[in-house]
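Just so it is clear, A, B, C and D label the chains in written order, and each chain counts residues from 1 on its own.
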Amino acid sequence: MSDKFFSIENLSVEYIADDEVVKAVNGITLSMKRGETLGLVGETGAGKTTSALAVMRLLPPRTGRVVSGSITVGDIDILSLSEPEMRKLRGELVAMIYQDPMTSLNPVITVGDQILEVLELHKRQSKAAMKARVAELLELVGISAERADEYPHQFSGGMRQRVVIAMALACEPELLIADEPTTALDVTIQAQVLQMIRELKTKLNTSMLLITHDLGVVAHTCDNVAIMYAGEIVEQGTVADIFNGKRHHPYTNGLFGSIPRLNKQSKRLNPIEGMLPDPTNLPEGCNFSPRCPSCMEICKIKSPRFVQSGTHRIACHLYSSEGGANA
Amino acid sequence: MNRPLIQTVNLKKYFNTPRGKLHAVDNINLSINRGQTLGVVGESGCGKSTLGRVLLRLVEATGGQVLYNGEDILQYNAKQVKKMRAKMQMIFQDPYASLNPRMTVSEIIAEPIRILGTITDSRELNRKVFRLMSTVGLAGRLVNAYPHELDGGRRQRIGVARALAVDPEFIVCDEPVSALDVSIQAQILNLLMDLQDEMGLTYMFITHDLSVVRHISNNIAVMYLGQCVELCSAEELFRNPLHPYTRALLAAIPEPDLNHRMGEIIKGELTSPIAPPAGCRFANRCKHCADECLRQELSFSEVTPGHFVMCKRYSDDI
Amino acid sequence: MYRYVIKRLLLIIPILLGVILIVFTIMNVTPGDPGRHMLGMSAPQEAVDALNETLGYNDPFPVRLLNYLKNMVRLDFGNSYRTKQPVFDEIINRFPVTFKLAIGTMILTILIGIPLGVLAAVRQYSKLDMITTFTALLLAAAPSFWLALLMILLFSLYLNILPPNGIGSFSHYIMPMLTQAVVYAASTLRMTRTTMLEAIRQDYVRTARGKGASEARVIWRHAIKNALLPVITSLGMSFGAMLGGTIVIEQVFSMPGLGSLVILAITTKDIPQTMAVTIFLATLFCMIMLVVDLLYAFIDPRVKTRYLQGRLAR
Amino acid sequence: MKTNQVGNFAQDLSEYDEQLFKEYKKVNPVVGVWRRLKKSKLAMLGLFFLLVLAFAAIFADFICDYESMAIELNIANRLQGPSIEHWFGTDGQGRDLFARVIHGARVSLGLGLTCTALSALLGLILGSICGYFGGVIDNVIMRVLDCVMCIPGVLMALALVAAMGQSTANLIIALTVSYIPSFTRIVRASVISVAGNEYVEAARASGLDTPRIISKYILPNAAGPVIVEITMNVASIIKAVASLSFIGLGVVPPTPEWGVMLSESREFMRYSPYLVIFPGLAIIITSLAFNLLGDGLRDALDPRLKD
């Protein structure tokens, strides 16, 4: 497909800790078009953040490494770049918004200078022009430009996240990776920040990879969704496929069954039993099989392949020819 | 049974800070009936955790009363407080920080019983620990495991077992599921609800998550900057929210539903709870804010039976 | 900010009073009297008693303390029992020696310790890291007076290029500075390495990398300020300690600094002299710690905010 | 009818479960620390040195006789270089240097450990009081310790020793006092950080009294940094003892103490440099050993590195 702007092919990432190998991401494949928002959904340890760091090439040196796969942004093969080449792209082509606004800003540098730094690194402009741009960016995210000389600790959590966003948008990157951008925020502030991200994204026609565990955030922000479990994508499709579709991966059903809903009084939730498998010792066959309510014999032996119907893909034996005729 | 199990009367807790008095809990009047759950919602810094702690005398109140079965527990002496601990327990937010890493699962669960001294026979105590573990769904083989060997969900189950160990009547649940993943969160919520049905427990459930609170509560209190701004049944709160802040909270929640549209988003952020000005504390973010909101003290008035609101627009004198 | 400084300066007063109380008690309540010390073992008891009387040593302890404080307020710290001169004369004579030594040591310590510590952290697990860290470990374990002996042996006795004692010229200061600096630099290096490793792991360093900053920029602009904060405290403490008595080093190199004055004063039970030196050193120490705290505020805006809010403790 | 008793729907304790209590062996936390400590080669090296030193200190009398070899003068034999008979040579008074270094280990380790133990104990008490209660008590204790901190450690020790006379007991008191502030600070800081944990609040919610909260919940969890500090301080105190003895205000000659030996060696060092080398090496190895062990323990006790 030629309209793909960003794609990850068969990406696998490992962490090496002492003598153990943690298989954090196991062969995920994703793609998105320019201007789209793709939601990457999963619970703690599903490998969402690791995938994002792999795209930024910011995996911890020595312990984290990409085992296989390729990542393409535009027509650039990210994984084949040298470190200096990659450095030029970070902040310019690909930028990231981090989860915890309390720790992701440097406490001893003013917020203005932290935003300015991105411009210094990527734009050849006069100091005055850059300063003006910083003021413009701050106003853009709803912070008065006079506060540029203040330090992060003088801002609330929500305000700091706005600063992080301003920093990410400074060079108008083509791909924005937002790693749980609102998880650390209160609901009313989350709503403000989400709305702002949506507006800015549309305005700048940026593509966004939104990492979250919150299906509500996904429903209100994303065009497409990929659901991750234990380092793999188990289901993928448009928001309509995921939220309104008839057939789902059992894990997706479990996720939806676990959340209490505002608009209807539910008596009992239907959670998934058990917990995430140990990433140093993944089960045979389907990773979800030990917790799956509809686990079959084949699930314990063979990893399922994607079954595609239109834009909707599910990796489950229930719907494959090998698994069940019941699909 | 109409008499409430626990009731607060003008309960206050102020903290001294270099910049003035921090109004963490300001004139709270609540009551919870036996066997019911009161949900307390609010954003960070609204004083909901302090409220729970004042109720259990983990933090000493600045003023007011906490009536438990009609007795003011704030007047209790040390001995009476210790006895009270057997009736009132707490489940904590952080499943990692709330368990002593140097104690095994069985030691943690048995600790409250040991302190109270109700069961002295060690065999009997072991039996009790096993019963508690199976009650909360912990496998017996984990008795001598250390907390750091377990995941968040199991740790939180230990926290629940510890709270149940002394057969309490009332439990303050302080954000017991907010540190957990959704699938685990649902397991713990189900557990808490089952335990309530089974044993007739009374909960105060503190959370920032409105969907969770709706799911588990009979009544809901909404807190903002140390004050309770709205109190009514869960049903009523979601059907007919009155306080502008409650409405804003509800509007801000993204539902996992494509047909759901989010409401109007309020501007601004929480102001400081330190030495708050007179008048309505929400005034600066409120679109209905009128001059008198900034001046007059507010009262907590009953708009319809059982539905209390602290807002000028619904107070009797307008 | 100046209100904070004034507050802190005022806070030095009770601390000094405490110090005076402690040292005055030690010097006065313990056996031995100044008269006997000054006149020697063979002097007649009457003469000793008479001298003690004139020195006011026979008054009860609280009276003596009160008298001392009274005089102190009038800036009269008394005369040394030994030299009969005002106690601060001696201190002012000797202070430059100690001060030069301390400053030189400090500069060397910073120049050696911090850059190597940063380098070791940045290239963690490299050969350079292994070598510097292990050398630092060894040197930090060595007592400085032993290194001094080895240096004297090598540079003075065998090679004959540096003078073994005295204070005549700059070359007299080289070995004393080096011996001290080596030990302090070793511990500074170890500390810098640890705090730097900690700083590199912080989220904001990842943010900086995510902006496209180069490794050098990440380290020198983002990590180092945060990493240096604890190092500054420890350097300040070392500096304070050095001013107060490179006692052992002064002894080895026979340098007439404050350290040797301390020994002399204490061993001859020269109470006014001991008190004066102690007060002088404690004041200096407090001032240095104040400077360190101000430096903190200068580097870390969070600390500054806290000071401005009037909170004293760090 | 609703009941308040837990476990009506739980099966009774089976024989199998009873067995579990015994089978699932409690892993002593010390075992875990040891397992991680073993991984560090440097820490093991430090431990090895310490064992050798401890062996030397304990069995010094069996290795070489104290009176005849380390104390008695033997002028005829003076200043002989290292040989098979005298491994480290002999000193200015003709005493066997090896014997004196070995017996010196007893003095140095003894003093170092005693002072550390005393100051750590007092620091532990003061620090936990300050850290747990805070407020006025904390303020008073910390301000007094600030005063002690302002007096340079060596000066304090000197003054005490000079005032009370030169004796080992006074040396111990002097060093103990000057090391109390740093211990108190460390204990206080880690108690404050531990006391903020929810499990301490949980203990209070269960009705546990304060002394037991401190001893059972706070101190065991605050122990990590304190143990490291203790280990490192032994090294520092051993060096301080040597320094004081070197300038003639510590251990009194002819006791074989490394600082004393170095001080005595000065006049002969030009032609008998071994007199400087060996006692110095002994100090380095001892303090290095404690530092290595301390470093290793710091990593092994780090709660972020649970295995």
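The rule we apply is simple: a contact is a pair of C-beta atoms (placed from the backbone, for glycine too) under 8 Å apart; a residue touches a chain by one contact, two chains touch by 3 or more.
Because the structure is predicted, anything quoted here is derived from the model rather than measured.
Undergrad: Shared touching chains for chain A and chain D?
TA: Both-contact set = B, C.
Undergrad: Check C-D against A-C and say which one is joined by more contacting C-beta pairs.
TA: C-D
Undergrad: As a test of understanding: of all chains, whose mean C-alpha position lies farthest from that of chain D?
TA: If we average the C-alpha coordinates per chain, A ends up farthest from chain D.
Undergrad: Whose Cα centre is nearest the centre of all Cα atoms in view?
TA: If one averages C-alpha positions chain by chain, the most central is D.
Undergrad: Can you compute the centre-to-centre distance for chain C and chain D, using the mean CA position of each chain? Integer Å is fine.
TA: Spacing between the chain centres: roughly 24 Å.
Undergrad: Please report how many Å separate the Cα centroid of chain A from that of chain C, as a whole number.
TA: Once rounded, the distance between the two centres reads 53 Å.
Undergrad: Measuring from the mean C-alpha position of chain A to the mean C-alpha position of chain B, what distance in angstrom results?
TA: Roughly 32 Å separates the two chain centres.
Undergrad: Please tell me the distance, in whole Å, between the geometric centres of chain B and chain D computed from their C-alpha atoms.
TA: Centres of chain B and chain D (C-alpha means) sit 47 Å apart.
Undergrad: Provide the residue numbers of chain B that touch chain A in the complex, in ascending order.
TA: 43-44, 151, 153-154, 181-187, 189-190, 193, 208, 210-212, 214-216, 234-235, 238, 248-258, 260, 262, 265-267, 269-270
Undergrad: Can you list the residues on chain C that touch chain D in the complex?
TA: Residues 14-16, 18-19, 21-23, 26-27, 30-32, 137-138, 140-143, 145-146, 149-150, 152-153, 157, 240-241, 244-245, 247-248, 251, 262-263, 266-267, 269, 274, 277-278, 281-282, 285-286.
Undergrad: Inside the complex, what are the residues of chain A that reach chain B?
TA: 43-44, 156, 158-159, 186-192, 194-195, 213-221, 239-240, 243-244, 254-263, 265-266, 268-273, 275-276
Undergrad: Looking at the complex, which residues from chain D come into contact with chain C?
TA: The touching residues are 143-144, 146-155, 158-160, 162-165, 235, 239, 242-243, 246-247, 249, 259, 262, 265-266, 269-270, 273, 276, 280, 283-285, 287-288, 291-292, 295.
Undergrad: Give every residue of chain C touching chain A within the complex, in rising order.
TA: 125, 202-204, 206-214, 221-222, 225-226, 299-302, 305
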